[in-house]
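What follows is a set of structures for review.
After this come two complexes, each holding subunit A, first together with subunit B and then together with subunit C.
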Partner chain A sequence: MRDARGTVRRKAGLKLWLSGGWLALIALLTLAAGWVSPHDPLAQDLFAGRLPPFWVDGAEPGYLLGTDSLGRDVLSRIIYGGRVALGVALIAGVSTAIVGSVLGLIAGYYRGWADAVISRLVDIWMAFPPVLFAILLIAVLGTGLWSIIIAIIVIDWTRFCRVVRAETMNQSQMDYVSSAVVAGHVRTAILWREIGPNVLPTIVALLTLEMGIAVIVEAILSFVNLSISTDAPTWGGMIAEGRISIHQAWWVLVCPLIVLFLTVLAFSQFGEGLKDRFDPVLR
Partner chain B sequence: MTCFLEIDNLSAIIRGSNDRLLRSVSLQVNIGEVHGLVGESGAGKSMIGKAVLGILPAAVEIVEGQVRLDGQDLFALNPNDRRRLIGTKAALIPQDPLTALNPSRRIGAQITDRLVDILGWTKHDAANRAAELLVEVHISDPERVLASYPHELSGGMRQRVLIASAFAANPQLVIADEPTTALDVTVQKQILRLIRELQLRHGTAMLFVTHDLGVVSKICQRLSVLFAGKIVEQADVAQFYSNPGHEYSKALMVATPKYTEPLTSLMPVDESVISAVTEEIEAADREWRGA
Partner chain C sequence: MRLLQILLLRLAMMAITLFGAAVIVFVVIRVVPGNPIAMMLPPGATDEDIARLTAHYGLDKSIPEQFVVWLTGVLKGDFGTSISLRQPVMPLVLGRLPATLELSIFALVLAVIIGGAMALTGTRFRGGRTEAVIDVANGAGLSIPDFLWALVLILTLGVLYPVFHISGRISPSLELPFTTQFYVFESLLRLRFDLWWDLLKHMFMPALALAIPLAAIIGQLLKQSLKETMHLDYVVLARTKGYGENHVILFEALRNAVLPTLTLIGVQFTFLIGGTVIIERLFSYEGLGNMAIDAVINRDLPLIQGIVLVFALLFTVVNLVVDLTYALLNPRLRNA
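Let's turn to the complex of A and B:
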């Protein structure tokens, strides 16, 4: 028993460190983009177009990950693109979590008409195909970062609402909630103080997952040119541009793709790791 | 003797059905008295306690009867007053110490919440009181326990914490819902003694729910025997053990295993007795539906 538990914890630790480390690296790089990025991400140099990354023959020393067809430094653009990706992930992820979780907690704890209204709303909401819904919203709101963030909140709050509602109902059945009722506490106090902390691990796990999803959504929307202006660096935009020159300069597409993949993976693994670590029952 | 808890003709059903879970239950618990509530599992013992404390599952509905706590009719009060009355005067010792403590909060906070929020104590006073209480339930290092999370404590320790927590607000009524069932036998005895000790010291009225007639004989003054949500016999404990009145009570007494001869003494309740009680209950139900 002790051995089994020990193994679980060590694995969780490694997962947590690797994914957390990657996210911290990306976050640091993007925060310090002005100092660490070797070039101006917008500066074009047509004489240095399509330079390969450093491990391929013909690379220039100043361009670690090569350049795109306009001669812009891929590494610098990835770093600046990370600003957009992480910014959207953070703001959209946290806002979605707050909106969805609050509604889920209310529906799961108070039940009755509040639950009926919220649950029906979730059902209707989930019947819309999310990508079409997103494009529709962007069409109405106009392109831009805030539109993307609002679109993510509007579409994805249901994900939190459903899961948090179920978990809240689950926790409401627990004896410790009955004890709190007998002690004479008001219902709002019971919901926030007793049930809230026990639903939090679920919310955190979902939040990191949602941040990964936000990164993908931002990439998709910038891939189809619905994000910020075309020349500003975004991972999705880079992938779209790299697609055109895939046969001459594969690195323009592959480098941001790998960073995108690792970041999304890191978000989901980070959530898993946190949940394993802070789940009071597993601990 | 003054009556502190008075349950009068209480019936409950599953919402939307016509079958009663509690069948016109009446009982009184006086100040300083321990009233045992005995029956098989599923007889509705815990249901009575939960009905008093207002923590019935949503699917159960009370259809008739009154519960008076300290002379006040609980169902006539508005929810807010009822919440305050129960919060200040009654407490629960729950069955399962594993789930009755919030896993993500420290023990100290869980004991002091009620004192601070409902009784208006200062945090400092409440913390001191919590430490005192843990000493009262024979926990030798209260400071460490108060700072612990429930999963860091053993089952017996958690039950002690729950008992301390129940007596924290000096309640006049404590409902003990099978407080020893989830514990192993050696700990059971200590916990039982502890509950008795605190009940005597505080002069609390207590409703003691159990399926164990042996436990009742040690701790209770009066008892009610419950079958399928109906009280089939109510008696003083001394009188009950020398001369149980109802056939079902007799059968229960016989069914209690004796430690000296565990195998031969383990007898199920006789079928004929069960069918006799069932008939009695069906008759009562017909009368109830007619009324």
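Let's turn to the complex of A and C:
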């Protein structure tokens, strides 16, 4: 038993390090985009159009990952596109987590009519397919980053609410909660000071998964041109441009795709790794 | 008797769900900032024109009255006129629906074949290296969304080794004898296998991209239930009777293990249909989803509400079919 537990733990550790390392790298690059990106992501140079990346013949040394059909540097655009992706992931993810978790904590701790109302709401919400919800919301809110963020919060809060409610109900049964009650603490204080911190690991694991979802949602919406304006670099927008010139310049599609792929995978593996680590059975 | 009860109950639930969807669509569309009439009129329209059009669409009435007018229209199949395409919404939506249905069903078939094969192989060689490989494949299928699978497929099987077509539903140079929009089905009926093959070569990659995540889920759950079933008494009995492992898995364990997977397929199939929206766009496949994105870009609200309601109807029908299949297959419900 001990051996098996050790293997799971080591595997989870490696998963966490690899995915966490990639996410940290992307975060650093996007934060320092002004210094590290070799070119202005919007600067066009029609004489330097469709230059291949460095490992292909005919590459220019200044353009590591080549240029797109307008001569814009692919690497710089990926770095600046990362700002949009991670920005949306962070804002949408955290807001969704807050809305869903607060409702989940309230429903799971107070039970009664609050739980009845919130749980019914979750059921109704989840019966409505997310894609239809998204179409309706974006149509009504208009395009743009804030619409995407609002849409993610409105659609995905139920993910947090359900899990946090269940976890809060578990925690409420525990001895430390009973002792707090006996010690005469106020119910609200017990919820936020005692139960809250114990539910937090679950919330963080879910948050990581949610951020991966947000990255892919932003990429999809900018791919179909429903995100920010077209000249601002986004991974989805780059993929859309690359899709058009795929036979002439495959790297315009491949480079942002690989970065997007790894980022989405890293978020999901990091979330899974955190879940394993916080899982009381394995811990 | 029991089946009839289930059917009636489900139909009632379906009506309630659809009514709920209609209410949501109506409310969301009416909350839209901006006057829907202003979007329909050409520039330079007079106040009189505005008043006439407002009265024509019943927008001068109270909100509940508007809802009744709107709902009666919807029930009669009148979804209004598309603003961007200037045609009635209903025929537009119905013209695109078959393409999406064919794609979704093809994807479902692929997912069941791939997922089922993985589950059966994993159970047959459980505990070994084969099962470990299948677990890793399932994990990858689950954590990467269909959008990214589609792009990977475009790059590999569309560009690097161009085996399949990467855009459209059928080659534009072909002459089409079709009278319905169910091209795949009709080409088979007309014995036009050349057209059928061309359609499949277009449909294969979008369908596979949609199928991969579902195949991974089916593979995982079915393998798990199969492995649990393998320990049950009646399976052990079959083995002591001298049946081989393959026979035991296929003819004894599968029947009982398949039920939870079936329920899951129902829920997941609606997600797959939802996925067609973006996948159709990616492959320039002329279905309902591709139309939905154009409608959102053009803020064509009548068209959007038509598409959303048709999708909602589709989802409820899928759920109904799954519930009924489950009732038919589950011996506890069948014989009661």
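Basically, the second predicted complex is superposed on the first by the 258 of 283 C-alpha atoms of A that agree within 3 Å, B and C clash if a C-alpha of one lies under 4 Å from a C-alpha of the other, contacts with A are read in each partner's own complex, and residues count from 1 in each chain.
By definition in this document, a contact is a pair of C-beta atoms (placed from the backbone, for glycine too) under 8 Å apart; a residue touches a chain by one contact, two chains touch by 3 or more.
Source: prediction; values computed, not measured.
On the shared subunit subunit A, the superposed partners subunit B and subunit C are arranged side by side without overlap. With subunit A as vertex, the superposed Cα centres of subunit B and subunit C define an angle of 100 degrees, given in steps of 10. In the superposition on chain A, contact is made by A:243 with subunit C only, not with subunit B. Once the two complexes are overlaid on the shared chain, A:111 sits against subunit B while remaining clear of subunit C.
Touched residues of subunit A were counted for both subunit B and subunit C, and C has more of them. Judged by the touch definition given at the top, the superposed model places A:192 against neither subunit B nor subunit C. In the superposition on chain A, contact of A:132 is made with subunit C only, not with subunit B. Look at A:261: by the touch rule set out above, it reaches subunit C but stays clear of subunit B.
Residue contacts after overlaying the shared chain place A:179 against subunit B, while subunit C stays out of touching range. By the document's definition of touching, neither partner reaches A:17: not subunit B, not subunit C.
Our summary of the superposed model lists a minimum C-alpha distance of 28 Å between subunit B and subunit C. The residues of subunit A shared by its contacts with subunit B and with subunit C come to none at all.
In the complex of the two chains, the subunit A residues touching subunit B come out as 111, 174-176, 178-186, 189, 193-194, 197-198, 200, 280-281, 283. Residues of subunit B that touch subunit A in their complex: 50, 53-55, 58, 83-84, 86-88, 90-92, 94-96, 99-105, 110, 113-114, 117-118, 149, 151, 162, 165, 169. Looking at the complex, you find that subunit C touches subunit A at residues 17, 20-21, 24-25, 28-29, 31-32, 143-145, 147-148, 151-152, 154-155, 158-159, 166, 270-271, 274-275, 277-278, 281-282, 292-293, 295-297, 299, 301, 304, 307-308, 311-312, 315.
Taken together, the subunit A residues at the contact with subunit C in this complex read 124, 127-132, 135-140, 142-143, 216, 219-220, 223-226, 239, 243, 246-247, 250, 253-254, 257, 260-261, 264-265, 268-269, 272.
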